[in-house]
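Notes follow once the structure below has been shown.
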Amino acid sequence: MISIVGYKDKVVELKLDDDFKDYKIVWIDCYNPKDDELYKLSKKVNIPINDLKVGLDEQEFPRLEEEEDYYLIIYKAPLYEEDIITTSLGIFIKGNIILTMHTDKIKAIGRLFNIVITKKPKIIFEKGIGFLLYNILNEITRGYSRIILGLEDELEKLEDYLTTGYNREMIEEILSLRKTLVYFHKSLMANRDVLIQLKRRLLPITTKEDRENFEDLYYDTLQLIDTLSTYREVLTSMMDISLSLENMKMNQIMKILTMVTTIFAIPMWITGIYGMNFEYLPLSDNPYGFWLVLTLMIMLIMLFTYIFKRAGWI
Amino acid sequence: MISIVGYKDKVVELKLDDDFKDYKIVWIDCYNPKDDELYKLSKKVNIPINDLKVGLDEQEFPRLEEEEDYYLIIYKAPLYEEDIITTSLGIFIKGNIILTMHTDKIKAIGRLFNIVITKKPKIIFEKGIGFLLYNILNEITRGYSRIILGLEDELEKLEDYLTTGYNREMIEEILSLRKTLVYFHKSLMANRDVLIQLKRRLLPITTKEDRENFEDLYYDTLQLIDTLSTYREVLTSMMDISLSLENMKMNQIMKILTMVTTIFAIPMWITGIYGMNFEYLPLSDNPYGFWLVLTLMIMLIMLFTYIFKRAGWI
Amino acid sequence: MISIVGYKDKVVELKLDDDFKDYKIVWIDCYNPKDDELYKLSKKVNIPINDLKVGLDEQEFPRLEEEEDYYLIIYKAPLYEEDIITTSLGIFIKGNIILTMHTDKIKAIGRLFNIVITKKPKIIFEKGIGFLLYNILNEITRGYSRIILGLEDELEKLEDYLTTGYNREMIEEILSLRKTLVYFHKSLMANRDVLIQLKRRLLPITTKEDRENFEDLYYDTLQLIDTLSTYREVLTSMMDISLSLENMKMNQIMKILTMVTTIFAIPMWITGIYGMNFEYLPLSDNPYGFWLVLTLMIMLIMLFTYIFKRAGWI
Amino acid sequence: MISIVGYKDKVVELKLDDDFKDYKIVWIDCYNPKDDELYKLSKKVNIPINDLKVGLDEQEFPRLEEEEDYYLIIYKAPLYEEDIITTSLGIFIKGNIILTMHTDKIKAIGRLFNIVITKKPKIIFEKGIGFLLYNILNEITRGYSRIILGLEDELEKLEDYLTTGYNREMIEEILSLRKTLVYFHKSLMANRDVLIQLKRRLLPITTKEDRENFEDLYYDTLQLIDTLSTYREVLTSMMDISLSLENMKMNQIMKILTMVTTIFAIPMWITGIYGMNFEYLPLSDNPYGFWLVLTLMIMLIMLFTYIFKRAGWI
Amino acid sequence: MISIVGYKDKVVELKLDDDFKDYKIVWIDCYNPKDDELYKLSKKVNIPINDLKVGLDEQEFPRLEEEEDYYLIIYKAPLYEEDIITTSLGIFIKGNIILTMHTDKIKAIGRLFNIVITKKPKIIFEKGIGFLLYNILNEITRGYSRIILGLEDELEKLEDYLTTGYNREMIEEILSLRKTLVYFHKSLMANRDVLIQLKRRLLPITTKEDRENFEDLYYDTLQLIDTLSTYREVLTSMMDISLSLENMKMNQIMKILTMVTTIFAIPMWITGIYGMNFEYLPLSDNPYGFWLVLTLMIMLIMLFTYIFKRAGWI
């Protein structure tokens, strides 16, 4: 699907067949295009199809490439699938055209494009193509930010569970959480390297103000990375502790089992002995026999209970 | 809440509406401000609200930023919540004004500000704004120091527990301890980088003496980082050992259970056999039958006990 | 086995005895050669046998070596044995000859050579020996790519298993998977260093276009390394989680055992008591005796069941 | 406690009130001084008390500081407490005075000072203050060396235990061993950085020979660090293996328990069945009934024993 | 023990008292010398005893030292003791003398010296002292190579065991294997640094060809390091997996135990109930009573078996 907006003195929606030359900035968003769409697009922007396809690879490594007549920025964005992982996004900048290509749905792009179409704000176009690029990357970074904020709540919830109960759903949540942390950490590290280049290199597409904006974004990304690695260590701690707790519980359970079995072992054996069918069974015809044996058994039970209590098992 | 002190030839409390120009140094402490307070403050110090807000973000990454007409220092301070973690603090320096901004309550700031208001000491103002900055950062670092000293006691207490008992509260304490270690380590690492800049760069706000002070602070921070990482490794050792101990205990419990079950298995079966209601039961009418069978059972019990003893289970 | 193709204006198969001078490019593929083959080859290309043997060592460390009259590139390629690991490949470039040497079967080489022989494409020879080298390395890298793509499916399959069942085959699969990840990671890291040299150094055998191609290959390799390390961390997470799940299951099993044993301990003892052969057994001749005792036992069972329920075991 | 020796042409003991000017070298050892001692010392050597106190902090980070009129070296030395850990030592060098300050007892210092007082050797004073410094640091390093040599024996002892028995004392020993390894590693790493500076920088207090001595000491420290990290990895291996062994033992114990329970389950049930008080019990009046049932039970026991044997449990 | 060979135009065995001046190269091998041997040697080669002793320290850190009139190379070689670990070897080069010193028996040295004495090959002496040095280091490196090749077989054997059985000998083997891997890794890393210097620095004792040889040796060492670290990771994987397998087995055992106990709990209780000696026992005089109760018990057993089957335990 290809959506286009152009900006001259106001924001207008365009089609691929329109003439782009009169516009100051044209933003083409190309999401999971069909082959013929891609072909048309390639002809229109005059970039070979194979080059465009680089922007559609979900696993492309983030970087800034300076080609002869265009710039390519590969950037990682959050992806909401079964778990929250990340996907790659290709941004081509050629003359007055900024082209975002992605195979997966990227929320930040959708959100920004929606605002552009509905509210038609001049402000993000007026300052040039570098500022629009900043806005796109900023929107993506804020997408990470929002999710990471949510992870903190989840971590705290898990910590509460940890000391009270523990169940299968929780484990699946931890697995999903760790996965997100792994993907986000790697992606943000790579994005950071792109931002370092954008803030340092004097590209013709960025103004001094843009570069300062990219520097801010760089610090935001640094902060997210730092937060993530803190979360990872806290989660690891929690996993270690949970293992300890499980072991403690198991010990507790085994103690009960062992106690019950041990306490009743001899009394049961005694009832077995007196259940044997011998004609001459000592005490069997004594009227106090039963009470004697019963007392013996109860005393044995109390003795063993006392032993376990002294050993600190109860 | 906004509190202000000014220093000309003595220390006086000020209000936001007062004229700051006549004072050598004005220290504004802004803690969790309301929107209108922030607005007023922004107008007064002539720094845009959005820039001020950076100082209020609890997770801002520590750094030293040199803006056109002010300096911004982001620094991490200990935060006493459920667990002891860390929070960010923004320090703006513009002309004769030093402005500390924070969303969370920071003990070190409170303590220092209190001293300033009650004792009105000239000494920390006389040497200029760089020395005041040093005092603030020093107070924060000593806050870390105090907590870390306490952690050592806690570690030793845990080590004692480890070899005697082991319970749920202890595990929660370990979890909380590890969390503190993680947060402190990351925060002190970042603070260290700020201090490296403060001790190296020839900023107009710092004198040679200030930079030497920052160097001392840098070494203090290094020492705290070193201590923390030692504690972390010791704690990890303790967790590993505790897991081993738990396993050993479990083995011990299982041995008892297995022994009891095994020792009584055959005697119980024998009592079962002689409890069967057959008319022709061998030995059942023999007057010594009972004693024979009983002796057999006791001998079996002694035999198995001996076997377990030889195997080193008891 | 030695196979040779030459390219002048078309692609032709050659023998070792043919004259190579007239050809623009001659590609000799030497797979697990016999001693006499190696001897002949050494004489033909005029490289000492001991030098050639370096290319046959499966564990040779990847590198680019510039000898007096030839270049040697050692590169790691995937190897399909019991598990998927990696093996080394030696590529000698001397004048118009490119010589690939390997002891293990390398799929990528086989595939490319097959295409060359059957389809006789000019395109990969026209652009010179550097482009052919790029094609070989590219084919190998795409071999990694294909396998790594398959690993993702396997990871997802394992994740599904994890939360449902868990068996021995799965564990063997994990072991094999981890082995592949370890070998691939190390090999790709080393290959990357070779590619860095190929893209940077101005060798007489590579054109500017070749170096750009090697740069692309470098980024592909970087991406594969990144993907691999993500997979490794995800797999580690899964292993940790699986350990937790196993422990949880064990706890569940032990709870059932303990409950059953505990609930029936006293009722069994009571039946034992009333099974004893005393003449004077209280209640034994009471017509309601049996029902009284039975009721007592059932109430005890219900009581213990209730206790375990309240403790959250059921 | 303050002890002083001076060297002119022979070694003499001095008091704090003596005049130090006539001596070539004066070594003041100040161990855990009282406040008034510290005050006097500060006045005598003309270094502010607060600066001296840096040398008394047990956790001060090792470094070489060049102040205006003195040098300060912070160095880590082994400390014998409950466990063997490390403590900090401050060495001030000012003119002809070398001042060692420490709060904890440091064996190496004690040993060296003792030799100086009893044997009054000229040799360590003749070559100047840099050589004395080298002797002090060397004595400390040899202290580490001696302890680390002892750790190897302990490691071997633990390895022997591992495969034979395993008990609580051993675990406490491991914990203490790991603690020592952690502290030593960190301390030696920091000492190494001090030595790098001492061997490289052309300080007025060191001669070329001194710097060569420090280089030797640097290599010794490197070797100790290397040995320590080898020990740590070996100890980690041993802990992992011991966990495996514990698990194996547990499995063995559980197998016995399960076997005994399973083998006797049906025979016990059969005795239960024939123990029931029914008037019409099949076979009960058959003279061979008992032998029939007994044979059945023994055959069942043999059958289950055989099954477990085939499954490899015995 | 001191053994000496000299080379003029052929290889001859020498004694310490012989005159070394006429020989082009003299190789002295000094293995675990007695004090008087060391004293004589020191006088002969004119190197202080204390310097020579450095070469005898088994834990000396590998390095290349350039002294005033000799070179010292410390190198790590494999050592066959209880486990295969490593030891240090000192090589002194002074004029035409190459002196190898070692406290432990080093196979590579023994092998090479043996060849020299028995076969008297000129080839390794003709090219000068640098080439002899290369031959010694090469022999040592090939010693590592040979052992590491053997480790691969051992790893595969362990992997096979892992999925079939698991016993104490295997665990001891793993422990020994891990120890070797740790020692080898550290030693080869240090040797590599020595080789980097030998291949880079223009020492008067090495020719250009020697330096190229050292470069080859450097790559060999790199390859061994790489192989070792791969083995370590594979071994770690195997240990993790084996822990998982142990847990799985334990779960299996516990399931059997729990099933047997649970299935027979109620039937045993029923037999207990009917074993009680009440006069009025319901159904006891009913001729079908026994069969009724037996059927009930069998049905219960079948019911529980079915429940466990449905829960996937069998």
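Couple of notes before you dig in:
The letters A, B, C, D and E name the chains in turn, as written, and every chain counts its residues from 1.
Heads up, the rule we're going with is that a contact is a pair of C-beta atoms (placed from the backbone, for glycine too) under 8 Å apart; a residue touches a chain by one contact, two chains touch by 3 or more.
Just so we're clear, the structure is a prediction, and the values are computed from it rather than from any experiment.
The set of chains in contact with chain A as well as chain E comprises C. Within the contact network of the assembly, the step distance from chain A to chain D comes to 2. If you average the Cα atoms of chain A and of chain B, the two centres end up 25 Å apart. Note on chain placement: the centre of chain B and the centre of chain E lie 40 Å apart, centres being C-alpha means.
Counting only residues that touch two or more partner chains, chain A has 243, 247, 250, 254, 257, 261, 268, 272, 275-278, 281. A ring topology is adopted by the chain contact network, closed into one cycle in which each chain touches exactly two others. Ring order of the chains (start at chain A, first neighbour chain B): A, B, D, E, C.
Only residues 59-61, 63, 165-168, 171-172, 174-175, 178-179, 182-183, 186, 190, 239, 242-243, 246-247, 249-250, 253-254, 256-257, 260-261, 263-264, 267-268, 271-272, 274-277, 281, 283-287, 289-290, 293-294, 297 of chain E touch chain D when the two sit together in their complex.
On chain B, the positions that touch chain D within their shared complex are 159, 162-163, 219, 222-223, 226-227, 229-230, 233-234, 237-238, 240-241, 243-245, 247-248, 250-251, 254-255, 257-258, 261-262, 265-266, 268-269, 272-273, 275-282, 312.
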